[in-house]
Amino acid sequence: MSVSYGKFVAVESVTLSVGVGECVAVIGPNGHGKSSMVTAVAGLVRRGGAVRVFGQQLPAGSPGAAVRAGLVLVPERRHLYPELTTRDNIMLGSYSRTRRIGARQAWEDVAGVLDMFPELARLLDQKAGTLSGGQQQMVALARGMAAQPRVLLLDEPCLGLAEAVARRVYDWLGEMTKTDMTILLVEENPVHAVLVADRAVRMYKGLVEQPGVASHE
Amino acid sequence: MRETPPEVNANGSSAGSDQPAPGVGPAVLACHDVTKSYGGVLAVDSVSLEVPLRGLFGLCGFNGAGKSTLFNLLAGSVTADSGSVQIDGKDATGWSAMRRARSGVARTWQTVRLAHGRTAVDNVAAACLQNPGQWMLASLWRPQAAPARERAWAALEKLGIGHLGGQLVDGLTLEAQRLTELARAIVSEPTVLLADEPASGLSATQRSVLAEALTTISEDRAVVVVEHDLDMLTSISGHMWAMVEGRLAYSGDVETFRASPVHARLRGIEQA
Amino acid sequence: MTEPAATDRSTISGPAPSGPAAGSSAGPADVLSGVRRVRRRDPVPLGAGLLIAVVGCLVLVVMDGSYLGLTVTTGVGYAIVTVGMVLQLGYSRQLAFSQSVFMGVGAYGTGVLETKYNFSSLESLLAVIALAAVAALLVGAVVTRAPGLALALATLILPLFIYQLATFSSWLGSFSGIDGVAPFWTGSDYTATLVQTGIISAVLLGLAAGIVLRVMRSGIGLQLMAMADDERLGESIGVSLRQRRLEVFVLGSVLAAVGGAVLASVQGIVTPDVLSETSEITLLLMVFVAGRKSVTGVILGAIVIEYLTTSTSFISTNLGIIEGIALLVILLVEPDGVAGAIDRLLGRRTDRWAASLQTWSAARLGTRGQAAQGARGGGNGAGNAA
Amino acid sequence: MSEFLNLLAAGLTSGAIYGIFGACLAVWFRVCNVLNLAVGDFAMFGAIGSAWLVQTAGLPFIVGIIVVLAGVGLTAWLFDWVVLHTAFDRGAGAHGIVGVFFYTFGLSLVLEGVARAMFGTDVYGAPSIWSGPALHILDFHVQRAGVLVIGLAIVSGLILWAYLRFTVSGRAASACGESVLGSRIVGIDSAKFRRRIFIMTAVLAALFGIVESPITGYTYMSGPTLSLIGVVAAGFAAFRRPGRAVAAGLVIGVAEAMLGGYVSTSYNDVLLYAILFAIIIFRPEVLGLGPEPA
């Protein structure tokens, strides 16, 4: 797969396969194509090459198809809807399923997601824009989970968060790795990544370097 | 004069040293206990530092550690919640970004910021008018453009890209764009240059060109460089600061820095 | 969001390869944009304006007071306004919808001063300029503090209530306006009057164009260029945003008022139509279709569109459709308007010569660079040139 | 008392005009942050088109209405497909603040030109849907068309409010305007919402034009004034709240009528515009018009 912005090549023919239930961390310095790679996988930017989820090829340029195939991105800097409430933000995570499950179920699913993020329960009717950075990150993760992903792409989930908050995010992520969910984690800080990832790859100058070293056991 | 007091980093271990900075003379740019929070998160948490008269200073830390916010606070594009900023010993806390720029604080950003569709020399010349506050109508009989362009050419040539000055910036390589930005920053002969990831996205060879340019620039002024590439940063700077979670976790010379726990954390896996 | 490229180029000489692949072996043939001639001296003061004025006078004299001459003179009035808009909307990207209001200040000011206070044409023109400057300072001091979208919306509302004020004011002649405005320069007969007034208008247009071009090419113009693209960048290089925004607003508004005064003097009558949103729409079209960054473009655009509006051909009947489609096509294809498109076409042709030009200029400037660096031992190698 | 009631009736009728155009502008601005300056032209097209079809072409009134509404919907779809899709989905052409105003402004010019070419410069009024003498309820004189106008404004305001307030689709529509990327990652097709709501508001405006035109009469040049009136009403409702825009419109209309009736008819609008002007300039953040993020 490759990604280029105009004449700049951000990601150059990257091949990466992640096994079911695996958690792979993508590490490497800023500006070397990590974020470009995951946004391209999620179908948000134009890409060359192919992305397959459980053997099914995703059409390029259609983030909706990616979500329906179970591939969900929690983007860098969260991209919440600041004027909508926390409840709305989380509920919209299940948007691609609402036609199938109906609106009532979509609202009820919010409660199910809240089991994973109990601290959000009292913030449900607050506008997302007024939450703190850590709370907003939780909302972004909850929105991602509301989509019931089989593959979760996390782009710098701890950017700008205090260490204690980041640890909570990683505790949660550690729980997730025990399920059969597949996780692709983009993280600049290798120390964080090692906490949860089964293995790590390093991206440098738009290329994936050979299998990294990380192993947390 | 003393550098900032040693800070305690998140792991609880003491890092930093009391050594004076390698530069000479009083601080040209300093801040005391500046704090800034966004939506409940402390981006910069009571940071104090002093930038001496000349030399090259490295500032490192992870994404979101507050480096760029600190730059914004120093350059005036963001106002601090508390704390003070001094430029040349004068209290500049309430000054606008424009006034700080005119008082000798120049900066560059993480992303390339150039005026599109214009030549490199025009981009640089915009920063070095003799009288930047001139009334618009006065420019009818004193247009200032030609002398500014002369200075711009000189700055571009100093950084080795004089031959590209007549080209539109959109057509330049990323490296040349970065150098053009540096030329724009130094053309007004500032006393301090705050360079935010000037080498981001460049190859190793290009980085060394940029490092050389930064070294040249720092011969007669103070340059603070934010950079993720610790190899590059430690090889060019005389003094290091490291930020962790909005606090200044290390301040001291490069040798001590290499041995410090902060360095190990930033290096990540190799040392983990 | 977009991450900078991870590209690998080992030298800094030469232009960027336009191919997508990093490290591709792009030769000088891939030059994206040609080398522009660099001015080493400030341009001759008001030279371009003088040219425009002379050409305008010649055209009007040749037409000798024909109907077409009247149209062109009216077009010259609009052109003065649009020249101001090039500085304001095009060059400084200050989107304001207040030009018709200030055109009204100019037109009504001239009308009132001449018919009610017996000012001469020259006196009233000077008085109107002063009046517009004061009004623009007052309005501008308020509106230019607002961020871009708020400024645009506030000035979108402005024409609504100014129009209502004018139509309800009997002092301003309510709906019928003010009749009997004297031409700038009364001649022996109608034709001579028209030609002479036209000449004065052309001179004023030349003056306006000269001032605007001179400002855009000055150091202040460089500052405007930087802040138009990126206000935070502007601040960081010492540009006073508030001062420049206000100056741009005032200069644009004063030129609009001068244009209004010309219109009043050419037509002999001032009606509230000059203040209506239709007149603002016409001005915006002239600027956007012709090319919001080109002074020559908007002058020709104003005159051509004014001609099309008044000529009784197929075009004038279906003007709305044509203008609308032209505007949409231009916004989608070439936001810099017809002038931008022409510029680009010419530029493309020039690019064929770019490679050789490049070598030439690199060699020349490189030599100069080495000379300059000789004293310091030439550390960073301007010798990469050529 | 009767004077008061009559002023109230007149105020509500003109307020409904403010309100409905404000609502149409606000709901679309909420979805894609673009002002629809052609909304008044759609109303003009509805009014003049139906009048022309009935009076000149001799179609039955109902057929005329259906044909015109379908035509307006088709025009809106075509404009979205050709212009907005190219500009906002493919990223071509002018963007930023120019895009906020000028694409729909171009459409407005085209519609005006087409209307002039097709229908000439006469004043048209569509046939009344509910004809008959003015209603007298107590001392309250109100035209039947006026009742319809007020009713349509209130009903559509309520529907839009409820749509945004209670439905999942309404939340998704709001999300598009809040964060394009954020809406795309959960599978919301922001282009689809932009298109649907654009067509919907165009048809609503046209319907309103048909209902309202017996009162005021429309010419091909009526469009821009109506659109600007909509901008004013939407401005008083923070530009993004269609329900509140209708309410604001009605209040504005009544206030204007009262000012005109008891104080002076000359400057009743001036005060209104001056207030909005002041809000936009001094409190832009209240209207969601703060400085663009760096």
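Letters A, B, C and D name the chains as they come in the text, with residue numbers starting at 1 for each one.
Just so it is clear, a contact is a pair of C-beta atoms (placed from the backbone, for glycine too) under 8 Å apart; a residue touches a chain by one contact, two chains touch by 3 or more.
In this text, all values refer to a predicted model and were calculated from it rather than measured experimentally.
Most remote chain with respect to chain D, judged by CA-atom centres, is B. Chain pair with the larger contact count among B-C and A-D is B-C, by C-beta pairs in contact.
Averaged C-alpha coordinates give centres for chain B and chain D that are 51 Å from one another.
Centroids built from CA atoms put chain C at 37 Å from chain B. For the pair chain A and chain D, the distance between mean C-alpha positions equals 40 Å.
The geometric centre of chain A is 48 Å away from that of chain C, both derived from CA atoms.
Contacts with at least two other chains are made by residues 1, 3-8, 16, 232 of chain C.
Across the assembly, chain D contributes residues 181, 294 that each touch 2 or more other chains.
Chain A has residues 8, 30-32, 205 in contact with two or more other chains.
Interface residues of chain D facing chain C in the complex, by the touch rule stated above, are 83, 86-87, 92-94, 97-103, 105-114, 116-117, 181, 221, 224-225, 228, 231-232, 235, 266-267, 269-270, 273-274, 276-277, 280-281, 284, 287, 289-292, 294. Contact residues on chain D toward chain A in their complex (touch as defined above): 167-168, 171-172, 174-175, 178-179, 181-189, 288.
Only residues 42, 44, 63-64, 67-68, 72-75, 78-84, 88, 91-96, 98, 103, 106, 143, 147 of chain A touch chain D when the two sit together in their complex. Of all residues in chain B, only 75-77, 96-98, 101-102, 106-107, 111-116, 118-119, 121-123, 125-127, 129-130, 132-137, 139-141, 143-146, 148-150, 154, 157-168, 170-176, 179, 184, 188, 200-201, 203, 205-206, 209, 212-213, 216 touch chain C in the complex they form. In the complex of the two chains, the chain B residues touching chain A come out as 10, 38-43, 62-64, 174, 197, 200-201, 203, 228-229, 244-246, 265, 268-269, 272.
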